[in-house]
Amino acid sequence: MENYVLKASCRDKPHIISQITASIAQNEGNITDLDQYSDKGTQHFFLRLTFSMDEKNLSSLLFSFKSIREFFDMEISLRIENQKKKMLILCSKQPHCLIHLLEKKRQGAISVDIPAIVSNHKDCEPIAAYHHIPFHHFPISKENKMEQEALIEELIEQNHVDLIVLARYMQILSPTFCKKYEGKIINIHHSFLPGFKGANPYKQAHDRGVKIIGATSHFVTSELDEGPIICQETIRVNHHHSIEEFIRFGADIEALVLARAVKHVLEDKVFIDGNKTVAFK
Amino acid sequence: MENYVLKASCRDKPHIISQITASIAQNEGNITDLDQYSDKGTQHFFLRLTFSMDEKNLSSLLFSFKSIREFFDMEISLRIENQKKKMLILCSKQPHCLIHLLEKKRQGAISVDIPAIVSNHKDCEPIAAYHHIPFHHFPISKENKMEQEALIEELIEQNHVDLIVLARYMQILSPTFCKKYEGKIINIHHSFLPGFKGANPYKQAHDRGVKIIGATSHFVTSELDEGPIICQETIRVNHHHSIEEFIRFGADIEALVLARAVKHVLEDKVFIDGNKTVAFK
Amino acid sequence: MENYVLKASCRDKPHIISQITASIAQNEGNITDLDQYSDKGTQHFFLRLTFSMDEKNLSSLLFSFKSIREFFDMEISLRIENQKKKMLILCSKQPHCLIHLLEKKRQGAISVDIPAIVSNHKDCEPIAAYHHIPFHHFPISKENKMEQEALIEELIEQNHVDLIVLARYMQILSPTFCKKYEGKIINIHHSFLPGFKGANPYKQAHDRGVKIIGATSHFVTSELDEGPIICQETIRVNHHHSIEEFIRFGADIEALVLARAVKHVLEDKVFIDGNKTVAFK
Amino acid sequence: MENYVLKASCRDKPHIISQITASIAQNEGNITDLDQYSDKGTQHFFLRLTFSMDEKNLSSLLFSFKSIREFFDMEISLRIENQKKKMLILCSKQPHCLIHLLEKKRQGAISVDIPAIVSNHKDCEPIAAYHHIPFHHFPISKENKMEQEALIEELIEQNHVDLIVLARYMQILSPTFCKKYEGKIINIHHSFLPGFKGANPYKQAHDRGVKIIGATSHFVTSELDEGPIICQETIRVNHHHSIEEFIRFGADIEALVLARAVKHVLEDKVFIDGNKTVAFK
């Protein structure tokens, strides 16, 4: 028996669930978890389910899914639950998001392979070493920005990377890159978007005298800080706190929020729905 | 077309979902929302789903469900979504939970009929009057406790009450009453259970110097403060705050937590699973 | 013996605290609580302290304070703690903020006199009646907006109102009015400012797919939604929730946040510091 | 000019603040921050203040403080703000609390010297190495428990340690040790005390079906899990989560709560007040 994760989305129509669950039942699979959502606004249907089934029935099931996919014009993905995805992490000088991600991997909370960590600075190299992950130092100047991006692309392709995580990378990726890996790049923005877009969000928040600050993880699109939001978290501040303290408090929730978003995306629980996300659980 | 809510639970076995969804599909129903959970510990399966269907197919669907129920030894309930349940509120002197429940009803957040409000004191009578709900004053002494409980039972039976809400009722109901309406009585306890059971939980919390206080809504069983927890919420306090302030801060979250639990139970989203609850969404 | 509340602010200089506390000591007063903050950015000093003292020493203390005020060019206010301030509430159709404020007053959490409630609609009249507070219905059209504002001003002046609370008033007050009562008008904005300014913030939040929504209480200035923030609170939402649900969830925190801000301002714990606030405790 | 931190507590009496602030003023010191609290229950007074002053006036100030201390029977401590305290960390196999503490030190949020990390297991050795902190491996058996405690005591005395932090140490210290370092040992308990004392709190929480779990940092006394609470934090869970997930979610807040408590204690913001704490800010 093997455990499978199915992820499916299409324009909402009657009978999608019964068709899929019947196919699984006919192939002697047993559904262990099912999440489903129909967006009345975008008229889109989203489904995630896990089931256990004898491997020998897989080809028969895939045959059923083929006709379902065609009939409903459905995006569908099926994977073995234990099979780890591959994730590339891009970071800069600040290590807190990287440390937290790697610690979550060590604890077993995030199940993933990390073939490489890339940075434009050397500061995080010892952290990568401690976790025995190859570290690539690609320093960036105005002149070599595109070449370095090409090197990152090479790493992605060579390693069959499923997910690219910007763990406070601080560099703006080219529109071409963003387009090519749309839905596969996760960023952590150090503000409660759309509150303080752009640079120095903690300074903006401090200047405005807000009483709560936040962090936002989102998919990267070519429009800066405008991609679909995956996860947000907030923390209370007051007049006593300096910008430096905002930054330090923020560091904690940036790390938490990014790790939470990464975990959910790796577990196939997040769908892009226009400029929003459907995030199960 | 009519919208239906189905709630089902049984011992976990393969094919439950596909059987139910296929029955709905065969009767031309369209599933609009589905939540499902299998408890690995208790080996119990829980399902809530909503679907729309032509009324003329209802008898055919019920016929299918009959055999499913028998086959899986399933507890199953089906109701029309718009059909309001009936709820009895018991309160004492403190009005904050009552006010919040009635305000949520007025806003449309809680959809329910309230045939009666019962209290052992007259303090809340004007609130009931403002919302045009019959108010019954059943004063309680050591001598008449059982007679008054009999009056409450009479109200419940006459009005076909589905849910009994203790909105800070401050009276301990008899084991017989608790047993008779098991799974139908919701209480709000003014502490973060199991933290401070029994009387004066805010005093207990203050004496212990805790930095966070809470409130807990739970189903009532004959064991005091030990029934399945539906919903909890917490709020931060500090050394500045007196017991009186603990009580006032607590009042806000008691009201919120009780209203949230009531809403979820009315919407058939809460299942009892041993001494825990499965609470969808 | 009488309890006093002192509130003082001025440009930061050495020896302010020792001068004030020595004056109180010399007049046999006993300090029971003291909060102090120096803003390094604006170079401003803020002090709130409570003390008990024999009334017969008051004139001597005021004499000392006179020279301190002149020396430090200080804004200073002294009041008897039990003496209630006067507050005017403006509301529109939605009652939830009004109900919560009046309930907090009833519980004793907010200690204040409310000489009048004003609304451009009649919906909240029964709530005012239930709490025995005079209700003034000033319907507003494009033509009579300024006359109605004049009526409000009259009520404020006649009743020596200290604080004007916009409990979801939904009307924009004139710049003249805002200027005249600067630092005395509190609004509740139904978003996590500066996130979604202007109209329909919940719709804006829903369209953007945020995972947390909020409410903000702030002092009103002539620039819409830009006044100093007093208090903010957030609540988690997800893709399941409609705009209507955002509005209902938001209602709870709007009421909480406004009541919290009102309480702090009435207790002299909030200072305006440029476009921010210093909010003690 | 030097910055000083003063911490004082005594039985509450009139004129404490004015006497202390006048002494500072007479020595040309300037108060930059002041927090004060009088506990009406225990009748105790607590004061923390920071001031800047020319070093040459220090002996004169200390002379004034001597008579104040005697007059009020006051516990008083004065230190130079930049002078770092010394902290010993005890840990076991689980590294998450240790990692977070060291990361906060690296970020500059916690300003402290750590002369040694002690553990009964070798798992955390590479983390200590990465941060260049001496690591002492003192394995513990039933037989050598007291000898190993003696080694820890030796480290404490040799290094003039101010604070001992149990970062998930998992060993019960002897009553003699607890007594000797009373008020100097901080523990993190992985539950929302007093909710689930003793072993396996997450299992206890899971069995009870709670909807929120927590972590508590407290001073260690010889009574297990009963010392004064410094800081608490909670996180929401639901029926989906296994005990293992409770443990992982808990790990995040344990780390946060312990680091927050350590920071506050190092900054002299926490006073013990009977079996509670007064924790400023």
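For clarity, chains are labelled A, B, C and D in written order, and residue numbers in each chain start from 1.
The rule we apply is simple: contacts are C-beta pairs under 8 Å (C-beta built on N, C-alpha and C of every residue); 3 or more make two chains touch, one makes a residue touch a chain.
All values reported here derive from a predicted model rather than from experimental measurement.
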Between C-D and A-C, the pair joined by more C-beta contacts: A-C
Computed over C-alpha atoms, the centroid farthest from that of subunit D is that of chain B
Could you work out how far subunit A has to rotate to sit on subunit D, using CA atoms and steps of 5 degrees? 180
Note: subunit D sits from subunit C at a C-alpha centroid distance in Å of 36
Inter-chain centre distance, subunit A versus subunit C - centres from mean C-alpha coordinates, in Å: 42
Residues touching two or more other chains, restricted to subunit D: which are they? 37, 240
With touch defined as at the start, can you tell me which subunit B residues reach subunit A in the complex? 14-15, 17-19, 21-22, 24-25, 28, 30-38
Using the touch rule from the top, collect the residues of subunit C that touch subunit A in their complex. 37, 39-40, 192-196, 208-212, 214, 228-234, 238-240, 242, 273, 275-279
Which subunit A residues qualify as touching subunit D in the complex? 95-96, 99, 103-104, 107-109, 126-127, 130, 240, 248, 251-252, 256, 281
